[in-house]
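Once you scroll down, you'll see the structures, which are given as structure tokens.
One chain, chain A, appears in both complexes that follow, with chain B as partner in the first and chain C in the second.
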Partner chain A sequence: MTFLSSVFGGPWCIAVYTYREGIRRKLLIGFLILSLFVIFGSSFISSFLDPSAETDIDLKLIKDICVTAIAIFGALITVYISASVVPAEMETKVIYTVLSKPVRRVQYLLGKFLGIQLIILVNLLLMGGLFFIALYMRQGIMPTLLLWSIFLTYFEFLIISAFTFAVSCAATSPLVPTLGGLFIYITANLTEYLKDVEHRAGQTGQFFDNLIGKIASALYSILPNLQNFSIKMQIVNGQPNDPPTDVLIPWLVLYSLVYALAGFACAYLVFRRKEV
Partner chain B sequence: MTTVIRTTALNKIYEGAFRGQDVHALKDLDLDIRQGEIFGYLGPNGSGKTTTIKMLLGLLFPTSGKIEILGSESIDSATVKRNIGYLPEGAYYPDFLRGEEILAYYGKLYGLRGKELKKRVDETIELVGMQHARKRLLRGYSKGMRQRIGLAQALISDPKILILDEPTTGLDPIARKEIRDLLLQLREQGITLLISSHELLEVEMISDRVAILFEGVLQKIGSMAELLTQRELSMTVDHLSESSVSDLTDKGIQVEDRTGNRAVLRLPFYMSSYDGVEMCKAHSLNLLSISPRRETLEELFVRIVSTASKAREVVQ
Partner chain C sequence: MLDFIKKYQTALMAGVLLFSLGAGVLLNNQLRHLRESEAFYRWLLAAAVNERLFQENEDPSEDALFFARCTALAEKFPSFSPSDKVDGLSMIGSIAKNYENDKRLWFFAESDLAKEERAEFLQLAKKQKLQFATDIEYAEAQAGGVNIFNLFFGFRKVAANLVWLEVDRYWHQGNVYRMQTLMRTCVALDPQFVEAYLVGAWHLSYNATAQMQDTPWPQREWNAKYGQCLGEKERFYYYGVDFLREGIRRNPRNYKLYFDLGFGIYKQKLEDYPNAVKYLSEAIRLPHDRWVPRQLFLCQELNGQYGDALEGWKDYVERYPGSMTAVEVAPRFIMRNEGMLYEKEARTLRKKAKESTDPAEAEELRAQAENYWKKARDTWNALDDPYGEGRKLMMDALDLREEGRYLEAIATLDKARWDTGALFEEFSSLIMEIKLEAHIPLSVSEKKALLRESEVGLCSGMPDEERQRRLKSAESIESTFQ
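Right after this comes the complex of A and B.
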């Protein structure tokens, strides 16, 4: 118990502090309000649909808008908070007061990373919770599929967060890691296209063609595929209490944890000898 | 007296992006700071003071040389860090926390928990005189109160060494005096204080020893008594004429506080009182008073920095 508290006591304390400070950021609150506005507004938009159209089309539209809003605003919140926490502490010199205490750099990073995860989780639960209540009130069926979707979305954000955090540990301002995080989010959502590039590039047999094919193949193997975490089509078209199909949840959780661990290891390697 | 901080041939080079852009911030620094003293660490901006402090705290890594704190070379160890408190210059403390909450946060980073933590928070808040505002949010604190809380977070673990970077900058005279009195009180308790500051008058008032740094090179180190022993003579004279003023100035004598024919003359340190009297006779001056005058730390600082600066220009 004493060993655990000496190793994890510091990181947990830093995590709680990071969370308490992070949730007060104006930009983050702005993203959250905007996303809640979109979730509310989706019902309003659906009222303009042609009443003679397909039954349940309004419900499909609401689901589509809400799932997309959660994914986009959630990703923006994830990138913003993961990119800014460490550079902000360097800017305000708070990092000096923390690292001059008996806190190892790995403990500091662990605390910051845990704090970021708490912020992401709370935001995701707020957005998802509101959508969950709205859907339940509309359909009268417990939308358990949505809970699975929120669960998987968190593990998708965990990957983005870990790599954005690693970039932020090398930076002195939040700008570069924010751009890096958005790049990671977009690229990791387009991984499927790399497979296409690999197939098409190998057809002519020319040197550069082959080279592009090999690069695409290597990137496909290295980059995470965030599309694996999406069950949006099933939410929109399926029954709200269906179990998730076409996804192997334990495998996706493991997949996410491995990538998050790799991202955190990169962050530590960068930060280990960083001069602050 | 036991040495608590020792640096031996300490060097720090900041590597530039291209060859030739490297900055040699600290050159072969040998320092020894003794237990229970207030050590003033002085130098103009960019002289390497903060670099030294950051290396002592493990925030920067030396290019070469050795650092020993409390007899240990592993300055990153928890045992060493537990005995060091640090107040950085202009640090930010979050507005949404109360005074006692911020101290509890830093206390937890030292591994303090439960009753022990509460006891230390109470003691430290009392020590810095912030009992009345302990439950107030930091957004309602004045600059002086924030500095006291900063000092309290540095003291929360009851450290043996306290490192302070510009502890009184930006404070009003009353707050400065209160901080100064507090630092003297901490010295009485046996805490070693390393103070980096541009407030030379304050440093002179409280320091036991000082070191002056210029462009990464240690120029002078010693006790106040050792460094400020050069005594100059100050003479008040009457019947001073214009021709005498130019003649005296040529001899290196400074003419100050001139009112009509009366003025105060500051003799260079190599002139004795006998020389002064002879000079008065030679210029037919009426000598009203003569008194010894000790060089201030500010004057010593300016003299050392100007000399070092001129020497650098000659080398270049």
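Right after this comes the complex of A and C.
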């Protein structure tokens, strides 16, 4: 117990402090309000549809718009907060005060990372909660499949946040890691293209093409593929008890945790010798 | 331990990084395997539905050939046993018939036994040779290049919704043909957009045809796929059928699609009761709403399956004993079907009695027939509604016919058909039958009605064989007019 409290006590205090500080950021609140507006506004989408046709199309429209809004605004919040937490402390020189205390760098990073996750989770819960209420009011039954969709969305954000955090540990201002985070989000969604590169590269038989094909193949195996999480869009409108979906969800959670660990390890290796 | 961690934390972290990347590679492979299996599984379901319900594809398509190979392999899969097999269906078709078997089919799709078939499926999908795989996301992504999967950055469902708003706009403008094209784009973007199929088919079969007149026969054209002469209006019904079938292949576990196809189009628009029963039976096999079986029982009655309808209604009353339908509606339908069964039985026995050469046996059969006839009459008396009254008049007419009092029988039926609108078609056909039997000349409209499906039913593009068959049938009917 003493061991645990000595290892995690400090990081937890830093996490809570990071959360308190982060949740007050104006840009973050702006993103959150915007996303809540979109989720709330989606309820009026039915005004564009034929009122004589009594269908569930408006419900489907609301679901898709809300899941997309959560995915986009959530990703922006994730990238922004993951990219800015450490560089902002460097800019304000708070980091010197913290690291002069009996806190190791790994504990500091762990605390910051946990704080980021708390912010992401709270934002996701706010957006998801409003979406949940909007759906419940419209269809009158608990939209349980939505919870699975939001659950998977968090694990997608976990990967983005871990790698953006790693980039931010190498930077001194939040701008570069923010751009880096967006780049990570976009490229991780396009990992599937590497497979295409691999197929096309092998067609000429030339050494250089073969080499590119092999590199593409290696990257395809190593890099995280966020398209795996596309089932979050499928779940929300799908049928319950779909065997492939049921099997995929636990694997996706594990996948996300493993890449989050890799991202955190990268962050530490970058940060350990950083002069602060 | 803390000291050890502190001393070697950099090395430990590097180890963690390598370990997690290694695990990431393994998990990437595992997820790829699962997603490939998912694509294969969804294709198997689509191909199984096609085999079970839409065997219109005469040409052996690549899908059918590959499905046959997968089916042969499935016979060897340990968790499938010969007892799973249903007559007339392959092993996979039989397994896929019951949605509770979905897990078993999934285990087959991801098994090592199906490894080669899975790889071949992906190869065929990449070359875009499989018709039913063109909208399975993973298979589509494997096809490479710029395809719908890659567009919209994973948010294609939102794009589909925006396209649907355009569909709705075109509908209000009355631009049906443009609407149809956009509807296809919409479901290509989001193949799981079930409401798009439902509303789209409704627009095609109901709204688009609302202002159209029935196409005159000379203007119709032969449609080889459906074996029918179709004009513009009739084609729209079948556009609706095709659209829903497409939806069923992509979403085989959604009862609404089967229901709309069976009830909305086959029953209401095409009056094709065998097909209505076929698709409604599929709908009730899946988790469904309470009103779905009621429509099935109605269609079974219209299709002459009185026994099935009767069993269905009785089962419904047992399941939902306190519901308004069980208390007020079901008893009437139970009596209706019982009455019809008695009538049917009585007619069969009378026919047998006429054919029998043994006088004692014939007498016995006649007595039995009378017994059923009486039971039927009692049932219609108890029913005490216009339908029951109509049936009673019909029974009177048939009794008069038995006695050779044809004109009185026809007059009774003529009165009954105007009193009971629901039985108009049936009684009109019976009047013509009696007239032909009694050598009473048919009216012009009656002759036309009899010929509608033969001589008048000729249209351009009809194969010679079909044309000859219809002409011959017309000749044989015309010969009875003399």
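Throughout what follows, the second predicted complex is superposed on the first by the 255 of 276 C-alpha atoms of A that agree within 3 Å, B and C clash if a C-alpha of one lies under 4 Å from a C-alpha of the other, contacts with A are read in each partner's own complex, and residues count from 1 in each chain.
Heads up, the rule we're going with is that a contact is a pair of C-beta atoms (placed from the backbone, for glycine too) under 8 Å apart; a residue touches a chain by one contact, two chains touch by 3 or more.
Since this is a predicted model, take the numbers as computed values, not measurements.
Once both complexes are superposed on chain A, the partners chain B and chain C fit side by side without clashing. Here chain B and chain C are compared by how many residues of chain A each touches, and C touches more. Of the two partner chains placed around the shared chain by superposition, neither chain B nor chain C is touched by A:154. Shared-chain residue A:271: touches no atom of chain B or chain C. By the touch criterion stated above, A:13 is placed in contact with chain B alone, chain C being left untouched.
Look at A:248: by the touch rule set out above, it reaches chain C but stays clear of chain B. In the superposed model, A:24 lies in contact with chain B only, and not with chain C. Once chain A of one complex is fitted onto chain A of the other, the partner contacts of A:131 are absent, as it touches neither chain B nor chain C. Legend: residue contacts after superposition of the two complexes on their common chain; A:102 is shown touching chain B, with no touch to chain C. Across the overlaid complexes, the C-alpha centre of chain A sees chain B and chain C at an angle of 170°, to the nearest 10. Taking every C-alpha of chain B against every C-alpha of chain C after the fit on chain A, the minimum distance is 10 Å. Comparing which residues of chain A touch chain B with which touch chain C, the overlap comprises 6, 104. Residue ranges on chain A touching chain B, taken from their complex, read 5-6, 9-10, 13-14, 17, 20-21, 24, 92-94, 96-104, 273, 275-276. Taken together, the chain B residues at the contact with chain A in this complex read 54, 57-61, 76, 78, 81-82, 84, 86, 88-94, 96-97, 105-106, 108-111, 113, 153-154, 157. On the chain C side of its complex with chain A, the touching residues are 1-2, 6, 9-10, 13-14, 16-17, 20-21, 23-25, 27-31, 34-35, 37-38, 41-42, 102-103, 105-106, 110, 137, 141-142, 144-145, 150, 153-155, 157-158, 160-161, 164-165, 168, 171-172, 192-196, 198-199, 202, 253-254. Partner chain C is touched in their complex by these residues of chain A: 3, 6-7, 48-50, 53, 55-57, 60-61, 64-65, 68, 71-72, 104, 106, 186, 189, 192-193, 195-196, 199-200, 220-222, 224-225, 227-228, 230, 233-234, 237-239, 241-244, 247-248, 251-252, 254-255, 258-259, 261-262, 265-266, 268-269, 272.
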